[in-house]
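Both of the next two complexes hold chain A, though its partner changes from chain B to chain C.
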Partner chain A sequence: MNNILIAILHGLILGGAYSLIAVGLSVIFGVVRIINFSHGAMLMASAFAYYELFTRFNVDPFFAMFVIAPAFFIIGFLLQKVVIRPLLIRESASVLEPTSVMLFTIGLDYAICNLYLMIYTSRYKTLNTWSYKNYFRAFDNSFVTQYSRLIAFLLCFVVAFGLWFIINKTELGKRIRAVSQNRDAAALCGVDVHTTYGIAFGLGTAALAIAGAAMSSFYLVSPSVGNVFGTKSFMIVVLGGLGSIPGAIVGGMIFGLIEQVAAQFIPSTMASMLSFAVFLVVLILKPDGLLGRRKRK
Partner chain B sequence: MTYKGNSIFKGKFFVWLALIILAVVPLFSGLYWQGILVLVCYYAYAAIAWNFICGYAGTMSLGHSVYMGIGGYISTIILETKGVSPWIGMIVGAAVAMCLGVIISYPTFRLKGPYFTLSSIAIVELLGTFISNTESLGPVPIKGGSGWSLSQTGNQAVMFEFSSKLSYFYIAFALMVIGLFVTYRMSESKLGYYLVAIRSDDDAAKSLGINVTKYKLIAMAISCFMISIAGTFYAQYFRYIGPDRIFSYDLSVQVALIALIGGQGTVMGPIIGAIILVPLSEMLSAKFAGQMSGLNLFLYGVVMMLVVYFMPHGFGEHVVSILQKAEEKIFGRIKRKAKD
Partner chain C sequence: MRKEKVKRLLSLGLVVAMTVSMITGCGNSGADNSASTGDSSASSEASTEGEAAEAPAASGDVVKIGSLWPLTGGSATIGQQHADGAEAAIKEINANGGIKSMGGAQIQLVVADTETAADKASVACERLITDDKVSMVIGAYNSTCCISSSEVAQKYSVPYISQGGVATAVTDRGYDYVYRINNTATYDVLEMITALDTICEENNLDTLTYALVYENSDWGADNARIWKEAADERGWTCVLDEPVTNGQADMTSQVLKVKDSGADVLNVSFYTDDSIVFANALYANQVDLPWGVWSVGGGWQDAAFFEALDQEVYNYHFVQEDWDMCGVQNHEWIQEVAANCKDTYGYEMTSFFAQGWTAAYVAYYALEAAGTTDPEALRDAIKGIELYNDGEDRALLSGYSAIVFDEKNQNTFAGGATGGTIVQYQDGAAVPLYPAEHSVEGNTPILPIPSFSER
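Our next item is the complex of A and B:
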């Protein structure tokens, strides 16, 4: 197989991992209408949780995630219900994108990242798990990738489908959609708005913890990974259309493809610059993202 | 009582007092505190520049370090390759940063709220990656990730090089006072009122006939001009400039947090933020040097969360109201007696 096709395959695999990280952020934005700037920090925190579990008890992240993801659901739920709720109520006049919550999450991001930097120092750690060490080979060994990346790619669709199913096909999802469309009208119909927000936030962070399991087994674990993936996941979510789950997948795939395919022709750092440039152009030409619907006030 | 930018008159006495104290203190303090006070003035000045557009017009930019970096890089490059004095390079860099700021902001100002913030982050990442990976741009050397170490030639005022920290302090202090004065004049001018109107509701401002984009661009241009001078100061003071720090998202957030914690959209906010945060974080990081590298930034994050929670308008108004209460206690009786 020729190099370009291989690069496209690598791009799709990487894009799957990016989408997996971004999809939780998209849910949180779509429902609660806040950009959670602490997304990257939480990803990093979950990666360290997997690191601890792996080094101390030798639990593979892909098994540990069945414990960590529910724990992160609770963390996200409480963060929304206890900490962010008063800020949202204070700004109830402005339904769209309250700024103090954004500032709060920026502060939270800074605090978490630097707390972990204090505890774990900036040294990189790798989790030498089975899926990190072993490689998936196809097409006469011309396409080689870590199993963890392949699992991340598959998980991306599982998680996205799960979230889509919860939001579109269940009773709970009906409430979530009602709240995301019009908070006040939903409250008048008897929906407990802030519990629903909490559940949506929890779902987003649980999805993030699943992404953390994948990321910690194919990438390095260090306090700065939050920044690396956090910034990218904002870009991906906006690129695909904020609040759209398929949009997050499309955005992630585009990022992955740009980085891998462009890296065939230009240095890989320039390729990641290209993805930021594409993001800026899309944002300016089509601020609602590729698959986003225009939101009316 | 709320302390708004345009009511500096109420606190004018305190502003002068605070500035005079700040100007005199380093004369009697050791090198260590002089160093901290240089940083206080430097960060205060950068936060003033950020506040000029982001605080007044409410456009949360987290990419202002780009303009600081451009100012610093241009003055450094023309100093090292052509031997031009940084005093001239500072103005050249500021002019370039201003033009670039307008070119970048013209399309991105169409984006609202968090979208604008994200675009500013993308720009910082883009230019930061570019600078770290570019050895030279045509005939112009950039030196990539290693950055520039400026040679030390001794005490040359013309070349922005001084042997004493005190000189650097007074330069930073003068910059800060100029920034303060410019912000104060702006807040009392038509531009200031337009920007505040744009911050509260830009659609309403537009419907009243305010050319939103034009006034935001003017404010952005002034803001970029000011912050790029801080970049030149940074390069000359530390004798080093590299993309890791000066083109980083972290520096942008730090500058923004100082202004936000002090009180965005107020004249004194950035200075109050810097006076509170910078010495605290410098002292803490000196105390735990080498062991806990994230401690000072952790502090910024925690203080930011607390401020959002308990003081939505920033520290500034509380500091001012405490000082005004103190004034009432100390001078109130005398004033009342004088009236009688």
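Our next item is the complex of A and C:
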């Protein structure tokens, strides 16, 4: 099979993993208007949770996520309710996108990373799960990828659809959308804004924990792992359109495709640069991102 | 009101917990060592005087040495092993009476983190010198970090003992306070090329085609350049030259290029995280390289690499090890140090541990010879060091045949036939092969390497 076609397939698979990691971030921003800079650290924290369950109880991350994702929902919900809410209330009168919360998440990122470094040291760990060690092969062995990457690709659509369904087709989603459109108006209509924020934050964090299951199954687990995916997640979300779930999918796919396909024609270092160049060009031509909604003046 | 107060207290508690974790974070498995990732460098209790953190460089009983390594980022596991080695050496030196020429002064390591980044390395080095008032700095493994941090040490006229970085620029700048005890990239690469010469001769190969895939850093680029120059002299053909940005989530695109190139030999230079991802992709895509994957070390020397992968992934790979793999096992005291490493730090002694150890010992010898922490006297003392490996000098755990500095302050006895060893992984074990004097009878390479369809 042609190398370019293989590279496209690999690009889509990698893009799926990127999208899966980015989609939670997009939900949090879309509703709460917070850029969660501790996204990478939380991904890492979830990966270590899977590491513990796998090494101690031999539970595969793709099964463990049914426990870890709800746990991370609660963590996200409480984080919003207990810590972020007071900061939001304090700034709500003056700004729409509170800077103190953004700074708080930066601090939280450092704190979580350092805490895990203290506990687990910097040593790389891998989860030698079935999906890590076994490969999906197709087209006469021309296309080979770890099963974990394939599962991550599929999960990206499942999680995105799940979030889309909750937000667009449920009563809770109606409240979430109302709050994201105009929190003051939603509050006047009787919506508990901060509980809704908490739920949205929890949903984003739970989606991230699901991404953690996939990431820990195809990549390494270490306290610095969030750096590999954290910055890229922000770029993907901005590229696709802040707050847009389909945008996160499209953004992730674009990044994956550029990294894998362009690298077949140009050196890898230039392919990495190309991702940034595309990101800048899109932002210049379409500041709200590819699928982002234009802000009303 | 009460509810609000509770929430405020809870928030305050969280902030305190965050601050505490940031201050005490970045530590290692050992209970007595800590390092900084960001704003602060922390003292390592290698000395017995915990409260000595506030002491000046050589007040009474304590002399501070900066121990600067990548403790986070891509080279974190490697850096930690260097830091562990340095710590173990200093513990031993202090237990044996400290610096005798300074009245038994104890040495205190002040550990700092380069975060595997050149800019962070120079900031951390500056902090070690200006805030912690260290008398000397040892470090910093990555070539880029060695270059940037030694620049700072030179500016402040503080002796700097470079360990790990192999880029020629470390000692080629004419700096009188910067010394390097390990080999340069030239030696590492030429050891592999010389081994390939032997292989070509034994197998009647007239020429080779080769692919280069390497981290786009001073280290990786230097390795590739030296390999190319040596290969050109031999008339070998380069079929792929692929620099890669570090921290890749997937290396399939690079591996597909290698597969497409049809190279006989692949030379790779990556640190641990990228090494694991690359080796996995190479195995998954069943890339046949009849005359081998040749790693200049880096990730392929890290215990974490072997823990992370099944042996099928790295079997048949050739690795340039920085020490005499067989000689290491021949001395009782080395076996004791290795056992101590396993007990204290939980891993088999590696060349990285040994090199951290050697760097600390060289710093100690310089202090002992100088009898003072005066920078000029220390600089001259390092320059005057002449250690020859008689098998008993504990400084030479790294296996170097000697430590003697040339006019560029480069130890010229850390590489070549006297230095490293080329090993091939066979059934999961490292088998020393080249040079012949570092091998043992019966060790033979498995070549050409069986194709994946034959395995």
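Everything that follows uses one rule, which is that the second predicted complex is superposed on the first by the 291 of 297 C-alpha atoms of A that agree within 3 Å, B and C clash if a C-alpha of one lies under 4 Å from a C-alpha of the other, contacts with A are read in each partner's own complex, and residues count from 1 in each chain.
We take it that contacts are C-beta pairs under 8 Å (C-beta built on N, C-alpha and C of every residue); 3 or more make two chains touch, one makes a residue touch a chain.
All of these numbers come straight from a predicted model, not from anything done at the bench.
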Touched partner set for A:H10, first chain B, second chain C, both or neither: second
First, second, both or neither for A:F229, with chain B first and chain C second: second
Touching partner for A:T195 - first (chain B), second (chain C), both, neither: neither
Chain B versus chain C as contact partner of A:Q146, first or second or both or neither: second
Touched partner set for A:L117, first chain B, second chain C, both or neither: both
Touching partner for A:Y135 - first (chain B), second (chain C), both, neither: second
Contacts of A:M102 with chain B and chain C, given as first, second, both or neither: first
Touched partner set for A:A263, first chain B, second chain C, both or neither: second
First (chain B), second (chain C), both or neither touched by A:Y219: second
Overlapping contact positions on chain A, where the chain C interface meets the chain B interface: 86, 107-108, 110-115, 117-118, 121-122, 223, 227, 267, 269, 272
Contacting residues of chain A [partner chain C, same complex]: 3, 6-7, 10, 14, 17-18, 82-83, 86, 107-108, 110-115, 117-118, 121-126, 128, 133, 135, 141, 144-146, 149, 219-220, 222-224, 227-229, 232, 259-261, 263-264, 267-269, 271-272
Chain B residues touching chain A - in the complex, by the definition given at the top: 58, 60, 62, 107-108, 110-111, 113-115, 117-119, 121-123, 125-126, 129-130, 132-133, 249, 253, 257, 260, 292-295, 297-298, 300-305, 307-309, 312
Footprint of chain A on chain C - complex, ascending: 7-8, 10-11, 14, 17-19, 21-22, 24-29, 37-38, 71-74, 76-77, 79-80, 216, 242-245, 247-250, 252-254, 256-257, 260, 272-273, 276-277, 280, 284-286, 304, 307-310
Chain A - residues contacting chain B, complex: 35, 86-87, 90, 96-97, 99-100, 102-104, 106-118, 121-122, 223, 227, 231, 234-235, 238, 267, 269-270, 272-273, 276-277, 279-280, 283-284, 287
